[in-house]
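Which chain is which? They are A, B and C, in the order written, and residues in each are numbered from 1.
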Amino acid sequence: MYVAVKGGERAIDNAHAWLAEERRGDTSVAELSLAQIREQLKLAVNRVMAEGSLFDPDLAALAIKQSRGDLIEAIFLIRAYRTTLPRFGNSRPVETADMACDRRVSATFKDVPGGQVLGPTFDYTHRLLDFKLAAEGELPEAPTAPPRREPTPHVTSFLRDEDIIQTEPDSDATPRDITREPVAFPADRATRLQTLTRGDEGFILGMAYSTQRGYARNHAFVGELRIGTVAVEMEIPELGFAIEIGEIELTECETVNQFTGSKTEPPQFTRGYGLVFGQTERKAIAMALVDRALRWRELGEDNVGAAAQDEEFVLSHCDNIQATGFLEHIKLPHYVDFQSELELVRKLRREATAAQEAAE
Amino acid sequence: MHPLLQVNNIRKMYGHRIGCTDVSFDLFPGEVMGIVGESGSGKSTLLNCLAGHLETDGGEVIFDTRDRGPVDTLTMSEPERRMLGRTDWAFVHQHARDGLRMSVSAGGNIGERLMAVGGRHYGNIRASAIDWLDRVEIEENRVDDRPSAFSGGMQQRLQIARNLVTGPRLVFMDEPTGGLDVSVQARLLDLLRGLVREMGLSAIIVTHDLAVVRLLADRLMVMKSGHVVETGLTDQVLDDPQHAYTQLLVSSVLQV
Amino acid sequence: MSEYNFAYLDEQTKRMIRRAILKGLAIPGYQVPFASREMPMPYGWGTGGVQVSAAALTPDDTLKVIDQGADDTTNAVSIRKFFERTAGVATTEETERASIIQTRHRIPEAALREDQILVYQVPIPEPLRFLEPRETETRKMHSLEEYGLMHVKLYEDISQHGQIATSYAYPVKVEGRYVMDPSPIPKFDNPKLEMAAIQLFGAGREQRIYAVPPYTKVVSLDFEDYPFEATKADHACDLCAAADSYLDEVIMDDAGGRMFVCSDTDYCRSRRAAGHVGRLGSEAPLSTGPEAA
């Protein structure tokens, strides 16, 4: 007898129960605590905060736990939660020159005021599996030094003093907020940067890589990469001045790119910019390259038809929450549409066969 | 008789460089104007300014519209200009690919303009498409083929058919024979001459090939460095060039 | 779930969405950009429809949610549950009793009334998208009413297949002005787009809302000599004998036996309740899910 495959509430409830069980895994293994995730899977937490566009390590850790380590799913949880939060106002722009840097490197100068600080990086580790980590063990203490108190000037500021790099126009205008206004094309740079900073790391990386391989090459030097904490300040109208409401960790990357120039204007370096929550330097560097590639119009460059130059293409497809949702929605039932296609194809085949037979 | 098109003091600058400047002329119904000059002379810039593809830095392009009489097309609203672009005006690109939809059948390419102005009868649209294929010497059985399956000469003829199907009153042509083999060029020119006469088309043809204007144009304009250096009846200019540059141009062709 | 506002979205957001809805109603068929919010269900799963419903719902409303015409498909169940939890509104499976119906891919068979709102979930709101991928271009085409390309597509269909080969998401022209994607409903449903109820379309991922006010003229694009045809399987419902409803085709056994049943489950149920009997009797098929398999 015919059995209709109908999803029911019970199916959904059962699936959820099973999922919860799978999430926990073998109960003889100790359960992960949020603190463990937050402290020991910090880069995963950072990515979830960056692409979820919400700076809250505890919530990000919870999302990672709930999503069984599927970071896109975790980002989705954070985004959905973020939507429900009331908005009290905007902070003042953070001052990255005042960043307390954990890491700060420049590829363009051997030494710079403020110094090169390698910081906690994988860069010069040999990628050998460290089997010691499989066993629990005490950690030798890392050497420490007194922190730098004074601001660390940006490397590009030295180039700017010499007028050898393009100056970015100062503006006090409030940028559009892509979570409050729909993105329209052509998009201004603030809109592009906002979209890129919460764009999928893999997508942005791929786009940036394509520019390095010649699809709109813009020859980037990492002028400076800095990671550290900055204070977040907010104007309180009732007080009439700004107060510090907390601090966040940021990664900032400024690239120094190939120069432009014309008969009327002497050659100048150009720049790309990346700013991302947490220690997320792959993303910040990639973002700077893509930002630079998208600036071809204002810098008077040719559109060579490369994907990374195509604002509509990049901005419309870099959000992994949009992408994954739409991709996965094809799992949903489509049998009404399929039925109409089925009938159409049958009809077309009938007519084609009839025409063929008539011809014979 | 009113001019169909009055061009007054068209000027286009690229920064400090002159694209074209001080260009004025009248074009009368049924007349074909040829614009010649070497590459970089400003002739293509001028054509694109006239057709509204490039913004000008000054001047007027007054077209005798059907409903409103003479109107400056440079100050027209965009919907109006686009409407003109798919009814009374046509533009034949040098490269057929720029003027065709390569993923749409030949019939669809020709039919597009008809549908854009409200054609809603498939049978009639298709009949027009087939009629126009015949007029540009493409066999009827190619109507459902895509232009990518056509030779360069056929693509160019298809582009012409696609443009002429709505009976435009003014056709802009940018090097219509450029990039084609010599034998193919001759056939295309012959075809164009026939269509121009038969339909009483008014046209502005930009070319560096004096043979093209000799065959098609009633009048000539010779351009150099963005300026018009000589104008006149085609035979007069070609047989008795007055300006030193025209003389050079004519003689260099004759040497070939 | 007291920590969330009524119908999940905060009032500020709902006001923003209502403004977009009103603008959409004022310009029938025009796609109004809106700042779509991240919802707790994935993009592509009805986030646009859910936001529109959330903005339209009042505590007195009775909500019905269908997917593929059915109230008991998983995604319909999931969305209905979402509103039960976040808005606490009454829900129903009866078209007649609903004041707001959120749908994916179908228009109910029963004629809707002036006091009802039909909310569509829309994946790709732009009817020109697959002819021209660029938003900047398609917006220009709409604003200048340049729809020739749309007919070129239909022309190509006929020249290739002998007929218009679009069977769902069949484009329409609204009130003689905007060409609109009616969402992926089968073209069988297109004639119903002219109705007494308000129709709202929400595309969350694409950040667009559009609308068709009651009794608005909605014309399916076609050619005079190849007129639009609303087609369905050439059968009657095997359960309720309806000859006028859109049918699902169900494969019944390994030998490829088929049955046809109304895709609109409430329509079928109400006909059977009224005594209509189809070829295979009027017994409702066992409603079982994967958990019973």
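Here is the rule we go by: a residue touches a chain if its C-beta (ideal position, glycine included) is under 8 Å from a C-beta of that chain, and two chains touch if they have at least 3 such contacts.
The structure presented is a predicted model; accordingly, all values stated were derived computationally and were not measured.
The leading chain pair by number of C-beta pairs in contact is A-C.
Placing every chain at the mean of its C-alpha atoms, the farthest one from chain C is found to be B. Per-chain Cα centroids separate chain A from chain C by 34 Å. Chain geometry summary: the mean Cα position of chain B and that of chain C are 48 Å apart.
Within chain B, contacts with two or more other chains are made by no residue at all.
Touching chain C in their complex are the following residues of chain B: 78-79, 82, 86, 101, 104-105, 107-108, 111-113, 115-117, 119-123, 125-126, 143-144. Chain C contributes residues 144-149, 151-152, 155-156, 158-160, 222-226 to its touches with chain B in the complex. Listing the residues of chain C that touch chain A in their complex gives 4-5, 8-10, 33-40, 42-45, 47, 67-70, 72-75, 77-78, 81, 104-106, 123, 134-136, 161-163, 165, 167-169, 184-188, 205, 207, 231-233, 246-250, 252-253, 259, 261, 263, 280, 285-291, 293. Per the touch definition, chain A reaches chain C in the complex via residues 1-12, 14, 76, 79-80, 82-84, 86, 179-186, 312, 316, 321-322, 324-329, 332-337, 339-344, 347-348, 351.
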